[in-house]
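Each of the two complexes below includes chain A, the first together with chain B, the second together with chain C.
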Partner chain A sequence: MTTHSVTLTAKDRKTAEFEHLLDVRDLQVEFRMRSGVAKAINGVSFHLDDRETLAILGESGSGKSVTAQAIMGILDTPPGYVTGGQVLFQGADMLAMPTKQRARMRGPKISMIFQDALSALNPVFPVGWQIAEMFRIHRKMNKSDSMQQAIRLMERVHIPGAKERYKAYPHQFSGGMRQRIMIAMAIALDPWILIADEPTTALDVTVQAQIMDLLKELQDEFGMGLILITHDLGVVANVADRIAVMYAGRLMEVAPVEPLYAQPRHPYTIGLLESVPRLDSKLGETLPAIGGLPPNLLAMPDGCPFNPRCRFATDQCRHGAPPTLVDLANNEIGRQAACWRVDDADVTTEGRLAAGGGQE
Partner chain B sequence: MSDYLGRKKATREALLEATDPTAGDILESGETEQRKESARSLGADAWDVMRRRPLFWVAALLALFFIIVAAAPQLFTSVDPRSCDLAYSRLKPSLKAIFGYDMQGCNIFARTVYGARASILVGMGTALFAALLGGVLGTIAGYLGGWVDAVLSRLADIFFAIPLLLGAIVVMAVLPITLDTPYLVVIFRIVLVLGIFGWPNIFRLMRASVIQVKPAEFVQAARALGANPLRLISSHIVPNALTPLIVVSTIDLGTYIATEATLSFLGVGLPRTIVSWGADISAASALGLIRNAPHMLLFPAAALCLTVLAFIMLGEVVRDALDPKLR
Partner chain C sequence: MSGEVILQARDLVKHYPIRTGVIQRVTGHVRAVDGVSFDLHAGETLGVVGESGCGKSTLGRLLMRLEEPTSGSVVFDGVEMYRQRGAAMRRLRRDIQIVFQDPYTSLNPRKTVGDIVGEPFEIHRDAAPKGSRRQKVQELLDLVGLNPEHINRYPHQFSGGQRQRIGVARGIALNPKVLICDEPVSALDVSVQAQVVNLLEKLQNELGLAYIFIAHDLAVVRHISDRVAVMYLGRIVEMGDEEEIYDRPTHPYTQALLSAVPVPDPTLKGTREQIVLTGDVPSPANPPSGCHFHTRCWRVRDEPDQQVCAEKVPTLEEHGDGVGTHVCACHFAQLRPQVVASA
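Take a look at the complex of A and B:
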């Protein structure tokens, strides 16, 4: 199995000095535009442990990708500004670091793969050259050594005929193969954390499964923390350890996978799970959907951001400060939700119904 | 009998030999074709498109021909363009001098051949200088944006507002070249003057191109994988933004050659001591000469036209080949 495994540098795993591998605290990001200030991220807090997979789930425009960009420090400024919070990597705040020091962390410490691998690869250079470049710049390897390493990595991500395809250009690969190349580049420097921003959205279903399997495999082999950004509930269920549900730049619910699927606690999560097609639904039955649209970031509703679309909303939800993410009182450890009515009977019942029709 | 058999065997072997290698050849060429297919860059694609167009070959060979003439004029004529005999003044083309003689009795063929050097040097030098200056400043302005972009863009606008020819005439008239200035210094000064009025064109192009490429996802991906700004520019932004610069520089090269000829024609460009097409055209267009000795004007003018045409055509072909939308 490990016939062509890549030589790894031993990571210095001293985990005692810090609580979590990555700890994001009260992250705030806004976009300053001519039409106004859009608060894209409003106090997002979560953590990632070593070798753990955290899925950030949310619909388009919920701030998933912006969160990832803010963590990586590749937010386009202007118009995007990180206005508050901390991003602690092994206990050190990356937001407080000088630009140069932070840039050095990208690649060897935190790395990222993107949704559309075709546009994420440089069209004018061969793929092998692009992978080898990682070794040449960061490891100061010479040309032939870096080429050997690149070919080994290409074999590791299961690219058939890696040696022959070293000199091929991105447009000559299929979507799945391109994503494999992108993954090879991202893991080249053996990072602690890999952020995957919708890695399978542009791919067809069979290839999606292959890529997710590959990511899982590499995570075990390389020992990485994985942040998986997606809107696909199916992908998440198989791969993630914990899930963070995001809506309008806020976390709605954070929970380990199984408890979340067994009983979603936040009305938004309930709505999401209800809208998944099910085998036991009757023929001709309309698929449930969450009514309405995500809020305009320039004109957020008063109260909870989800209240206009929430069937449980009360006056408390419609006015005043939005609910904050709190640990659930009489529930499992590690579950958090941001909802005033999280413990009310009708919400919990609906949650159980959404999860499995209540037959369990 | 045995002789017959032996001969037959030999024929069969020969036949086999004759067929076998061909089969091998077909296989091999198929393989190389495939290998070529798998390692195809934008440049290789463009080359494939270009080499199928006759216009490319005409333009490229013509340009190459003039470059060779400029580099080694003594290969084409053994006559010294400066050894003139007034006895031959204005003689019509003949077998002895196929382009005829000019006013001073100089061999026009020799002068046309030797005149290529000044034109090609000025054209290429200016194109290179403008591409370098405009390219570097354009990249800086496009990448950094903000006040750097604003300052550089306004600076370019100022130079852009002055027409190339007018600006060059003014500068050359104010700082005239004397007869004893060395050849390369003269060329260099004209390159400098034309380049200073020619770079804003390239600058604007490069700036726009860099701005277009900069937000591309692969640039962001490279940043996420740890590339520093210098690396981003040199291996991700510039290689992807260079195409328009190459195309326009090639087309502009022709324009610079024509402008140099115009300057020399007006008497503010290359001095008479340097053999150049512009100066010869100027001398040939004196009063009454066009009717009496049209060959004096015809040959240097034709050479100039062909050179300018060659480079402009080359630029157009390259543009067509590199632009996927026109394919």
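Take a look at the complex of A and C:
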């Protein structure tokens, strides 16, 4: 692991020159389809620092995966197009880079793991070969060196019998082990940023705990920034430093994890926290569900995208431009929300109540 | 809240043969369900939890008689289910219905909602006379919170949560006594999941249904269940009422499972002791000897001289002595303080 400790110190020195490791500014993505143009992402801005874990929380269709794909530059084009914004990696705009330069960044600078490891891995090549490919292509290693490296990585992610299993195929592994292989591929080139798109959604709770522990361990060791994309409020609470809540292609609320759970400020976050069944919940209580459905991206409601489902909505919410993400008043450091009524008494009271449910 | 025993499963076993070679010789068996017994009372909810591959879905299919068991019996309303044939079995089927996990694949995309929800009436023609069927379907749609006017729409025109409501409407069409819910909310988003869970609870109150609620999400199961059975590799390892399982679990597997559930409360980070199990669930084709769980058991790991775990199959029994009145299949069943986050 000596090589890694060397790169670590190098990393620390470099980041000091930039405000943030990754700075996403006003990102816009649309899908052009026969049925119309769907604005999947409408001006999303956030940043990620070195060694930090940012969770992007949202339901299906909220645009959280599309955000990740746009940052990685792996959006399916067509139909998806990045139509505006900047993705600054150490100050350099990745969206303005030539394709080749960008491809060179995927792996050593920023890499990604996907939800479904079985479909993300190539079924006709041995897993070791697929991990070693990272070294062959990016580091121009020969076959035996790259194999050594791949085995070392497989051991690093705790795959038992790594040497023997180098030649095994993806289908011969269990779900948890496949996810470990994907993680091995993603960290192969010691990236600065790891994006994990629903890394544990397809796994059982006991295996999920193992994978989250592994990610945490690797993050500490390699000093990566981690973007965790998930819909699971439980996973987020345990691992994230900050949380960005997405809805219908917009950020609704951004906050450090503890204040967010202690007092959610955006009505959507309040609703989400309320609707999660708790392990200590009592039988027979009705879950406070958010009524209605997430909006159709082809026919967005006027005003705030959440207003048709929001119990606090007023006329201001229903018409005109949607509220933008602004810093919250009274020295709540690092907290932002996009809601007209964020400071109204009934919203803040409900927020406190929603949080109270989990703290008995 | 629970009435008389309505369904009684005894030593249910389902082994699937593994065939290999050109002549398809049977070389082994996948022991999907390996001796499961329980009672279900009228109007109650029995939650069945476990990791993937533990046999909980196969159990659901056995209770529906979508699979024939290798051995064992299910007595429903005093009738032995697996001995029924033809018309008698069809009559039985009216009383046990199922809602599947994936609302995207369990609905025929080429049929309208009216056809899908009305199909049970096609088979059980005496349940609703032909003329009143359409009205009956509309009543069902209304009951599950869908717009009755959408009767002519196709499944793709609905969202995931709405599709699951269609599945529920089909399940309750024949006024069953038991509804088996096989992971009914795991494919849904949190906000929509809560809507479907509330719907299931509402229907139970109104129609007096008994549920077998199969899921891997422990929090959802606690929310809806009166009693809970924890399965591991084809066997029930612990069963009791909802408080006994969640607040006073005695099986090391249940304790590990509960400790692994991420709790949506960051202030508890670090204060909860997590038991992280090593490795994956062993293959049910070749389960470990003795207690199936002993290879991953954290207590065997801590006290390695517990030979009996590898040798003797523990029976599901009460342990008494303040350990709890519910049944647990462990030689060393024991309470463990601080397993649930709230405590």
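The working rule: the second predicted complex is superposed on the first by the 338 of 360 C-alpha atoms of A that agree within 3 Å, B and C clash if a C-alpha of one lies under 4 Å from a C-alpha of the other, contacts with A are read in each partner's own complex, and residues count from 1 in each chain.
Everything below uses one rule, namely that a residue touches a chain if its C-beta (ideal position, glycine included) is under 8 Å from a C-beta of that chain, and two chains touch if they have at least 3 such contacts.
Nothing here was measured: the structure is a model prediction, and the numbers come from that model.
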| item | value |
| --- | --- |
| First, second, both or neither for A:M112, with chain B first and chain C second | first |
| First (chain B), second (chain C), both or neither touched by A:A120 | first |
| First (chain B), second (chain C), both or neither touched by A:V37 | neither |
| Partner chain in contact with A:M300 - chain B first, chain C second, else both or neither | neither |
| Partner chain in contact with A:A92 - chain B first, chain C second, else both or neither | neither |
| Chain touching more of chain A, residue-wise (chain B, chain C) | C |
| Touching partner for A:G176 - first (chain B), second (chain C), both, neither | second |
| Which of chain B and chain C A:A168 touches, first, second, both or neither | first |
| First (chain B), second (chain C), both or neither touched by A:I137 | first |
| Residue numbers on chain A that touch chain C, as the complex places them | 59-60, 160, 174-177, 204-210, 212-213, 231-238, 257-258, 261-262, 271-273, 275-281, 283-291, 293-294, 358-360 |
| Touching residues on chain C, where the partner in the complex is chain A | 51-52, 159-162, 189-195, 197-198, 201, 216-220, 222-226, 242, 246, 256-258, 260-269, 274, 276-281, 340-342 |
| Chain B residues within the chain A interface of the complex | 35, 38-42, 215-218, 220-228, 231, 235-236, 239-240 |
| Chain B contact footprint on chain A (complex, rising order) | 72, 74, 76, 103-104, 106-108, 111-112, 114, 116, 119-126, 133-134, 137-138, 164-165, 167-169, 172, 182, 185-186, 188-189 |
